[in-house]
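What follows is subunit A paired twice: with subunit B in the first complex and subunit C in the second.
Let's turn to the complex of A and B:
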């Protein structure tokens, strides 16, 4: 993929994540910070389908943005065909791994498999 | 000055004291990005404790809902706000917004892109991060 396309994705995921994370944080503040972290409250959030979808979107957006950012920082420090490939595929693997791990939590909690 | 004396490598490039607030912003952007990624990975692991049931969730909450945990979260708020505001400034700059018109380079060769608009943007990012951190601390310790 061209670097210009990757940067457009980087900026797009950033803007979308800012909007969704703002909603995620506001949900913590609507019922009091400590109360919102109670087990029943968090479980109720996960069981709400629109909220679970939003969490999944945040997970994907921030994973893509975060690991691409890490890739950019690592490529700034050093260059070379093998190094660049290792960094790019390493970040991609970490991104997929984190999305899979987070999705497991969201899906299983939403479906009541706790 | 010989070529060797002029070469400082990454150390010279990274020196935050030499190139003004823009280089400080460059460093803060990368450090806050790495910090936020580390927090994000930890947060995904932290929330996965809900799969351990109420006992597991409460056990982990006892570890994070402490004074140290709240101070760490305040640092995360600061990094998040700075990274967001400065990120928007960088995006606008890449889009050509606020970087000035192309002009003939004349002595003393001040780069048109490093102007007061972007400096205000960087200082605003730092100020907003400080305000958000204080608000976060008030919310977390106010209960």
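Let's turn to the complex of A and C:
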């Protein structure tokens, strides 16, 4: 993938994440911040399908943006063909791993398994 | 640290006012013999018009001829005498001592360039990256074969790139760039500004191939837009602006 395509994704995910995280924070504030973090309230949020979809989107957007940012920082710290390949594939694997782990939590909670 | 204050018997080339002298601290380093750089200090007389390069040449002439410095035109045209003067990358021939407003002038080799000796640095990386972005007009026909004999260009089209054509390849922008300090593969502001110079030229047809060259993991996207490249350019080139324009092409905002 060309670097410009990756950076378009990087900027796009940042903008989308800001918008969705703003909605997420507003939801916390409208419910009363402390109350919204109660165990039952959190579970209720996960069980509401539109909200669960939004949490899943935030997870994907932040993971893609964050791990690409980490890749960029690591590429600037050191150079070398092997190192750069390890960083790129390592960040991709970590990103997939985090999304899989987070998705597992969201889906299981939504289905009432947790 | 050595201090040399006695002047040789030979007369200086210019009229010297005894009331004005500056402490010139020159970084001395020979990678073949020295573990680290050290400063040698010289009291150098100066006039209002004396440049840092002239002061260094005065030291070479009267105190220590072994000081290594690269220079040629003495008029900010050849781009040979770039160095750090009181911590900032500048051309020694274009910097007057009187304008530095300091009794001490410290000269060091430019950052982000390997030192050959003392103030002279290697330019291989700069020339390699400059060459990499194809700094010439790319098109199938030539002026010699064309019926029109020359490729016409309007003043407005010239205005798009003319400031970037003032680059003298002195390397000050690369020396000031923070990304150049950490990323040894970064193409650098000088080459990126030259890429824009030709991409923006209405006579050029090589935009796509040039954009492809800079659109890689150590290319244009590693610029953090610190803007220090534009601050230090002695010819008024604004590489940071050129880099933003190039990003506009790659993001689809410009065509």
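Following the convention adopted for this analysis, the second predicted complex is superposed on the first by the 114 of 114 C-alpha atoms of A that agree within 3 Å, B and C clash if a C-alpha of one lies under 4 Å from a C-alpha of the other, contacts with A are read in each partner's own complex, and residues count from 1 in each chain.
Here, a contact is a pair of C-beta atoms (placed from the backbone, for glycine too) under 8 Å apart; a residue touches a chain by one contact, two chains touch by 3 or more.
The shown structure was predicted, so the numbers you read here are calculated from the model rather than taken from an experiment.
Asks: Tell me which partner A:77 touches in the superposition: subunit B (first), subunit C (second), both or neither.
Replies: Both subunit B and subunit C are touched by A:77.
Asks: On the A-aligned overlay, A:104 touches which partner chain: subunit B = first, subunit C = second, or both, or neither?
Replies: Touch partner of A:104: subunit B, not subunit C.
Asks: Can A:2 be said to touch subunit B (first), subunit C (second), both, or neither?
Replies: second
Asks: Would you mind checking which one, subunit B or subunit C, touches more residues on subunit A?
Replies: B
Asks: Of all the subunit A residues, which ones make contact with subunit B and with subunit C?
Replies: Touching subunit B and subunit C on subunit A: residues 7, 77.
Asks: Show which residues of subunit A lie in contact with subunit C when the two form their complex.
Replies: 2-4, 7-8, 72, 75-77, 79, 84
Asks: Using the touch rule from the top, collect the residues of subunit C that touch subunit A in their complex.
Replies: Against subunit A, the touching part of subunit C is residues 179, 182-186, 215-219, 221-222, 250-251.
Asks: Show me the residue ranges of subunit B that touch subunit A in the complex, using the header's touch definition.
Replies: Touching subunit A from subunit B are residues 10, 30, 33-34, 36-37, 40-41, 44-45, 47-48, 50-51, 53-54, 57-58, 61, 65, 80, 84, 87, 91, 94, 139-140, 143.
Asks: Any idea which subunit A residues touch subunit B in the complex?
Replies: Per the stated touch rule, the residues are 7, 11, 14-15, 18, 21, 29, 32-34, 37, 39, 42-43, 46, 59, 62-63, 66-67, 69-70, 73, 77, 98, 101-102, 104-105, 108-109, 114.
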